[in-house]
Every structure is written in C-alpha cells, then in structure tokens.
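Read from first to last, the chains carry the letters A, B, C and D; within each, the first residue is number 1.
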Amino acid sequence: MTDLSIDIAGLRFKNPVTTASGTFGYGEEFLDFMDVGQLGGIFVKAVTGKNRDGNPYPRMAETPSGMLNSVGLQNKGVTHFCREIYPRIKNFRTHLIVNVSGSTVEEYVEVAARINELEAIPAIELNISCPNVKLGGMAFGTVPAMATEVTAAVRKVYGKVLMVKLSPNVTSITDLAKAVVDGGADAITLINTLLGMAIDVNRRRPVLSTITGGLSGPAIKPVALRMVWQVHKAVHVPLIGLGGIMNATDTIEFLLAGASAVQVGTANFIDPTVSLKIISGIDDYMQKNNFKSVSELVGALNTD
Amino acid sequence: MTDLSIDIAGLRFKNPVTTASGTFGYGEEFLDFMDVGQLGGIFVKAVTGKNRDGNPYPRMAETPSGMLNSVGLQNKGVTHFCREIYPRIKNFRTHLIVNVSGSTVEEYVEVAARINELEAIPAIELNISCPNVKLGGMAFGTVPAMATEVTAAVRKVYGKVLMVKLSPNVTSITDLAKAVVDGGADAITLINTLLGMAIDVNRRRPVLSTITGGLSGPAIKPVALRMVWQVHKAVHVPLIGLGGIMNATDTIEFLLAGASAVQVGTANFIDPTVSLKIISGIDDYMQKNNFKSVSELVGALNTD
Amino acid sequence: MHFQKVIRDLTVLSNIRLNDRHFVLDLMAPDPLPTMLPGQFAQILVEHSPHTFLRRPFSIHNVDYHQNTIRFLIQIKGDGTRNLSTIKEREILNVIFPLGNSFSLPVTGKVLLVGGGCGVAPLLFLARFLNQNHIHPDILVGFRTKKEVSEIESYAKYGNVQVITDDGTEGEKGLVTDHPVFQKERLDYRKIYCCGPEAMMKAVAGLARFHGIDCEVSLENTMACGFGVCLCCITPTDKGNERVCVEGPVFNTNRLNWFGS
Amino acid sequence: MHFQKVIRDLTVLSNIRLNDRHFVLDLMAPDPLPTMLPGQFAQILVEHSPHTFLRRPFSIHNVDYHQNTIRFLIQIKGDGTRNLSTIKEREILNVIFPLGNSFSLPVTGKVLLVGGGCGVAPLLFLARFLNQNHIHPDILVGFRTKKEVSEIESYAKYGNVQVITDDGTEGEKGLVTDHPVFQKERLDYRKIYCCGPEAMMKAVAGLARFHGIDCEVSLENTMACGFGVCLCCITPTDKGNERVCVEGPVFNTNRLNWFGS
C-alpha cells in the first residue's frame, strides 16, 4: 500500500486529487455518481459578496481539446452560501475549500472574513483573476503590487490556510507568485483559464456573449505545466497544479513539475468519476515505480 | 469570381493565405506537393546573423491538439541565406518574406540590412520572441520599450515593408502592439508560440532537451483569435493572424477578428497542401455569403 | 423529484438510418434501467472524433424497460453526430442519464404536441406516456420535405398525427404554425407541448399565449456538463438565470422572457 | 537523388494481426506507385484518434509495383498505432511517401542484416532488394519471445535467417549481440545493416566498428513533418545537426557521434 496523503501548509489531504472551482458545483451534483469523501478535497465554486447573475447566454464554446466559458462568477453571495449551502455540505468527509472572488479589496476581505467563521472550511482559495472595478478593470492577478495588496488584506482577517489562485495571462508568472507569497499566501494554485475567443463564421459573431472567455481543458496543459515548474523553482510555498488534467498520467506530470496536489476541472464534465480513477491510477504508478509516499513525486523531475 | 487579393502596407498579396516561418522551410520541400506560386506569400524560416545549430534533440513533443518545439532558430546565417538559398527561391511566383531573428539589437539590424538588398524580398518579419542576451534573456517581445527599440533600429536600415511578429506570452498584447507601431512597424504578425512544457512520466524527465518549448497548433487558436481581435481594436496597422489554423473556417475566423491575412503553420506538417485548400475554401465561403472582395471580411465581426 | 443519474456503458443494438440527415440509435443496458420521464435527456460520449471534446446531449426518444433499451433520434449536425451516425452494432457508448426535468404531468382535456425536425425526438416518449395516462393527444409534426418524414406510424399508436412539410411534398405545406390546427376555432387545447427550433417554439408559444393555452417547450442549449455544475447552459426565467440541464430542458413558456415584460 | 514525394489516399487491402502487439497493413494505390528504396518511410495520417495530432512515420516493409501495394509492419505503442490496428479493409488512409534516404547500394561480399522487434520492418524490403542485386544476405532477427516471431518465411526467400529471442523460446537465447554470428571468427561481413531499438543499434555498431565493418542503421526520432521543414528530427553527425527525415533515417554509424570524438 502506498501513502497518498500529502501536507499542504499544515493541512493534511488524504490524497493529492481535488476538484477545481466552478467545475464541481458544491459537490452535491456528484453524489449520484460517487462517494465524494474519497477525494483529497473539493474547491467549491466562487463565492462573492453579493448575488451575481453572471453573464448572458451563450456562455460556452467548444474548442480544440478544450472549451471557453464566460459564466462570470454566478452565485448567490456569501450570506446564502453560509446559510443555505454550507449546512448541506459541511459533513462531506473531505476538505471543503471555498473559492473567494470579488471586484474590490473590500469584497474579498468581507467574504474571507465570513468564511473564516465556518468551522468545516479549513482553507480558502483567493481567485485573483477577476477584474478590479476600482482600478479600471485590470485583473488583480496581472499586477504584482495589486496581488500583494489583496492577499495581505485578506491575510489580516483570515486565520486558516490561505491559497491564492493565479491567472496565466501574464508575462511573468513567477513575479505574481512572489507577490502573493509576499502578501502572506500559504499556498498557490495555478492556473486559472487562459483568455481566449471563438467566432461563429456563419453568423459572423463571437460565440460567447462576452466576446472573450476562459480557455480550459487539455489544450492548456503544456502552459500550466510550464508555469507550475517555473513557480516551483521560484518560491517555497506548496503548489496546487491544474489545467487540462484528464487522467493519472497528466496528474503525475503536475506532481513531478512541483505541484503538491492537483485539481481536476473540465474533465469532470466529461467523466464525473474521473477523480477517483486518477487516485487509483496514481497508486498504480507508485507501486510500479516503487514509490512509497506521493510526496516523493513532488518536484521529482530530473532535468540534468 | 471573388477577389481574394488584399493590400498589406502597400504590398498586394494575391490572396490572404501565407505560410508561417519555421513550418515551410524555404518552400522548396513543398514543390513536390504543390505550386507554391498559388500562395499569397511564404514566410521563410528564421535567419540570424551567424550560423546556429539550434537546440539538442529532442526538440518536439506532441500535445493535445498541438505540439511543442524547441528547434531554436537553427539556420546557416544571413550570408548563407543570401548566397545559397536566395538564388534558388527568388523566382517563386509569390511574396517571399524573411523572418529576421537575433539576440541583440545589432544582430537584428545587421540581418535586416542584408535582406534589404535582396530585390525579390519585399518585406521582412521581425521575430522579437527571442531572448535578448544583453538584457538577461528577457525576450525583446515581452517588454514594450525593448520592442520599440529593436523595431526603430531596424526601421532605420530597412526601407521596404516591416512586419513585427509578437509573442503571446505577455500580460497585455496591445501594449506590445502599440510599442512596435511606435517603433515604425508597417504591419503586425500575431501570434508566435505559447511557452509550454511536456513531461515523460516514465523517465521522469522533460520531453524537450530545453525543458520548455513553443506550443503551436489548434490548441492555441482561441488565444490567437483573442489577441488578433484585441490588437485590431487598439492599433491601425494591418495584422497577419496565425495560431492553429487548420482549414478555411479557422482562416475566416481570423479575418473576421481583424487580420488582413493569415499564416498557416503547424497544419503544413499534417497536410502540406492545406494552404491551397484554404484558398479555395475562402472563395466558397465568399460566394455562398455574397462577398465580392476578401477585404470585406477583415474585421467584419459583429459584436453588438 | 430526484432521478438517480447513472453513467453506463451501453451496447449499440441497432443504428438505423432514416434519411440523409437522421438516424435512430437503440442502446441496451446490462442491468435494469433507472426510471425516466419524457423530456429528460442523456449525455453521450463520442469517442474517436478528434473534434468532439465534450459529451453531446440528446433527448430520450423512447425507453423499453423490459428489454433495457433506450432509443435516440439524432440529426447529423457536425463532427460528433456524424461520428455517432457511423457507429455499428455491438459497439459501446458511454452515456450519462437520465438528465433534466420532464414535461409536466398531463391535465385532463385535449392536448397538442408540436414537433419540428429533430425536435420530434422527445415527443414520441411523451405521446406514449400521455397515452398510458389515458390521454390521446393531437400530434403535429413538421419536416422540411417528404423524404424526411418518418416514424409516423409510431406516433399514430398514441394519437392523431398530422404532418406538415416546408415544401408541401407531404401533408400540409408550410411551417407548423400555418397548419389548420392553429386556426382560431380549433385551438381548444388545454395544453401544448412543443419542441423544435427556437424560432418555431417562440411562434407556437406566442399563439398559445394569445389563446390562453398553457405551453411547455423543451429548450436546446450549449452544454458542457449536462448535470448542473458548469452553469454554462442558463436561460433567463422568472427566477433569474436557471440551468437548462437541471431546471429544464422543459419550461412553461410563461416562465421564460420570450414575450418581453 | 530526388524521389518524387506524393500524398495519396490509399485503400486498406488487408490488416493482419501477427500477435498481441504487431500487425501488417497492405495499402493499395489507385495509380502506379512512385519508385522507392529500402530504408525509406511513409507518414500516415491517423484519423478518428483524438490523441493523435501529427502523422505517424513507418518504414516501408515491402512494395509490389505490379499490384500497386505497399506494406507496413507496425507495433502497437500508443493511441495512434492502436487506432491503426483496428482499421478495416476498404477504409482509406492518407499517406505521404516515400520519405527519407535509403540503405546504400550493396557492396559485393557477405552482408548481415540485424533487426530487433519492430526494427525488422525495413529489412524485408532491403533483403529483397539485395537479392535482386545478387546478394544473399545473412539475416538475424531478434524478438522478445516465440509468440512474436513472425514472417520468417518471407525473409528466408532472400537470405539465411537466424532467430534469437530474449527468453530463448525460439532460436538462440539472448540479445542479438549474444548470437553466434557476432563471434569474432565469423564476423567476416563487408557490411552490417541494422534497425531496432537505439541501444541495440549502438551495441551492433560498436561491434562492427571494433571489427572494422561498415555499418548502416536506420534511426528512429520524433517527427513532426517527416519531409524536412520543421527541423524537429535532427541528429548530430559529422556535418552538424542533420535531419533524420531527409538526410536519414539511414546513417552510416561512422557519421554519428555514438562513439565519442
């Protein structure tokens, strides 16, 4: 038997396979398909200060080995989350981590402070890919100083494990990683979606109502792996890697590149049980290659 | 009959379909397969000041709907190009455009000045994705001031059509586009490859000798389209779009997003004759949709 | 009402080509099928199609609980459906089902089913279901042309079928709303169930509304997951943005914003 | 020497499974085949395989100019070859060929062909070609185990075949270099042609060099285009980085940097 458990900033995960925010709902929709208690963790979908309707339809376009979405953080706000959702899911036997989003530093702080009070939530993941409404719509995650600022502000009110999720749409991912570590991040998730676009030539219109949207799926895996590897060399906090993971092999690639855990995103849409298959696939790989603990794989890429 | 010809900075292309640098050699290898004179143009592979051996093997990794390469500008240098290659290809009945690369401003200028003397070459394409050896390896194409500087320096010695090819690995592609227009670019090509990585889990090693490499193919098309559209709104020089084009539909998407012409890259490896199929596919589309001139399609995306 | 959703490898029992653009797939499950209702759909995984990344949603056309078979009526649109059209007997398809809500239980009185093109798919199951509930519906099906008219005998088992074609090569000529059943004096239905292209559903819903008839439609939408987690498939309703794959695909047209506010 | 390269839709004439991991494809052209030589290869497009983006290179195993057929011997490695292994008669494959250089024209005197596993593919065509040039080669073929030993009769038509298996279940036991032909006193060949896994080719090349025998190998490599434009497939030679798909795949081992400098 191999040891799949892994420590991330003092939090023990039973295995390194978690599900990505926005692709797993609150986990409830998966109960028909699987025992969610077998997952390393669930990153529940983005929670903002107030209710958000999200963007108009159409919100999705299929692309080669991927998809674009422009859901736009649709959710009923933090109060609804705490009152309605949390009681329904708090007994799932896995780490529940809330993806915290906002358009101002104040909104991030408000949501983080409210989530801090929920006993069964051991960590949050700050989603800093959102445009900062006060600073002309430039995303928090694209300017290092802004990234440090929002992380530090949340750090003040949030006492548990603070993860920050980075956007890949930047010239230097390592600058952003260092910026959030400076702000007090305990761990870094990467990557969020690449900004992309799809066009319908028959209608001569963008497919998405928002014109551009976020690209996810296997198409982005090479970029995601590269960023995990670059950040792994640049900072000393644990990393959670994602982007196009479809199977155990993809997952092991992220671990080797330096991720301590992974998130499965778009793949959940194609096979809702894929995470469990990945967990057993990692175990197979470790047995075949004589690894005892999954932590031996983390950053074990041989580059000489 | 539709009119497929298009003007780019005063240069008339017989149609908007050209082939991308590094994916079409010097055109000679395609003579068995097709009449290259039917192409709008050929962007020949990168030419540098001196001979370059390129990177060690392995230089290629297949990825979902794409591939990574780390060829590394292998070529025999500008003198060899002018003496040996140019005489062999100068009578191809299509626009031959040389992709000019370097590691210092001086190298770009030297190569551009030499190519300026070749009568049958009506334009060059500056490839500013290369790392600047004098400035710590940061690519010319990622820092606007550096991009302006190298463009302006080449502008001084190069009298014909000056195109600059941008790297997508930046936070703001429009800043870079404006920078090269400031430097005197007549047209902008976008995009070059996305920086990515592939890992072999059996050997626990990177697949590429250089660890990271350039991602091309359909996987990057959504990102490329988004950048063409953003730049089309931001600057007023003609654009040449590329990234993942496999067929006429993809091409029309780029034209609608704002490109005046396209380059076909990785697709040449899969079907060496694909460019000719694309040309006739555009004609079909125009006939079906009652367009007379291909220029009517450029930027014709309806976004209200 | 919660329907247990399952992921199953189903075996292709038959793949019958109806015409150039349509085919019927019968899939068989090894174990008993879960309960499903008309209007629900399935998400089919299309392997071997390089241009089909996500699953493809298809309405349940019919179910046979005795033989453990489930039937789909599919129109060839792009790579995914083209690929499915070539699948052979004994091959395996991975399917998630049943998904979404269903047409609401029938009221007493006359009801009309209106289907256009491939939108007829859920109506066969619905007609049978109404029949089991002692309702003999009127069924109006529209096709482009005679060559595409199909399965009329199947519908005829459960109701009075009328056909209309765009080009008049069979039945009446015109769009479904041109059909005599929509003449004012005959519009004495308690309910209209409609499925087809959005423009058609809007036209039918408009007539129904004008005559004060309850109308339910089955919406199409681009779906990534099909089971409620991606929020890609929303439609604006009186309750805000609702998911077509969970709160739909069947909506009472009074709840949609089709008629302005 | 320039070989006219063509892109053709070829029809699958037969797909014969040799064992768990190997199969032989016969493809037929509608028009006369271009001239090709042993050592050259083809790039096959694998459709219907979502994980196969680029073409796949395979050596020409044999050619029949009268019947316009070309044969490939293929080992199942990943998705692309697995997909090809299921292709049926009459299906179409798009193929670019002939690509690359060829084994050099034979010298007089004894020659040895050494193939390991799937590396035997180009050697059948080569053996036939040598035969046509009045050379009767010794042919040593290595396999993992008896079950994988195949096509021995085909080789036997053109030379003296000897078999060695890793597990000794047929012929000698061990790696090809363990075979008695490599015993010093018997190594009186003028030339050795070798194709197989790189480690095997290096071992054979080392022995050949030690005994002063000319040795040609056919290199594998990851290829994007296969016809010389991408520069992905280079190998270091005495002339710098050369393209395996154009200047190769066959190289005289003296030109490679296998033995240090």
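Rule of thumb we're sticking to: a residue touches a chain if its C-beta (ideal position, glycine included) is under 8 Å from a C-beta of that chain, and two chains touch if they have at least 3 such contacts.
Since we're looking at a predicted model, the values are computed, not measured.
Engineer: Over the chains that touch one another, what is the least number of steps taking chain B to chain C?
Structural biologist: 2
Engineer: What's the chain with its C-alpha centre farthest out from chain B?
Structural biologist: Looking at centroid distances, C is the chain farthest away.
Engineer: Please work out the Cα centroid separation of chain B and chain D, and write it as a whole number of Å.
Structural biologist: Result: the chain centres lie 36 Å from each other.
Engineer: Rounded to the nearest whole Å, what is the centre-to-centre distance of chain A and chain D, using the mean of the C-alpha atoms as each centre?
Structural biologist: For chain A versus chain D, the centre distance works out to 47 Å.
Engineer: Compute the distance, rounded to whole Å, between the mean C-alpha positions of chain C and chain D.
Structural biologist: Measuring from centre to centre gives 54 Å for this pair.
Engineer: For chain C, jot down the residues that touch at least 2 other chains.
Structural biologist: Those would be 50, 52-53.
Engineer: Residues of chain B that touch two or more other chains: which are they?
Structural biologist: 61, 63-66, 217
Engineer: Which word fits the touch map of the chains here: line, ring, star, complete or other?
Structural biologist: If you draw each chain as a dot and join those that touch, you get a single closed ring.
Engineer: Which two-chain combinations qualify as touching?
Structural biologist: Between chains, contact exists in these pairs: A-B, A-C, B-D, C-D.
Engineer: Can you check the complex and tell me which residues of chain A touch chain B?
Structural biologist: So the residues of chain A in touch with chain B come to 61, 63-66, 68, 142, 169-171, 194-199, 201, 203-206, 211-212, 215, 217-223, 225-226, 229, 244, 249, 252-253, 256-257, 285, 300-303.
Engineer: Considering the complex alone, what residue numbers of chain D touch chain C?
Structural biologist: My answer: residues 47-50, 52-53, 83.
Engineer: Going by the contact rule at the top, pick out the chain D residues touching chain B in the complex.
Structural biologist: Chain D residues touching chain B: 4-7, 45, 51-55, 96, 221-236, 240-241.
Engineer: Would you mind writing out the residues of chain B in touch with chain D in their complex?
Structural biologist: Those residues of chain B that touch chain D are 22-25, 29-30, 32-33, 45, 53-54, 56-67, 69, 71, 74, 217, 266, 268-273.
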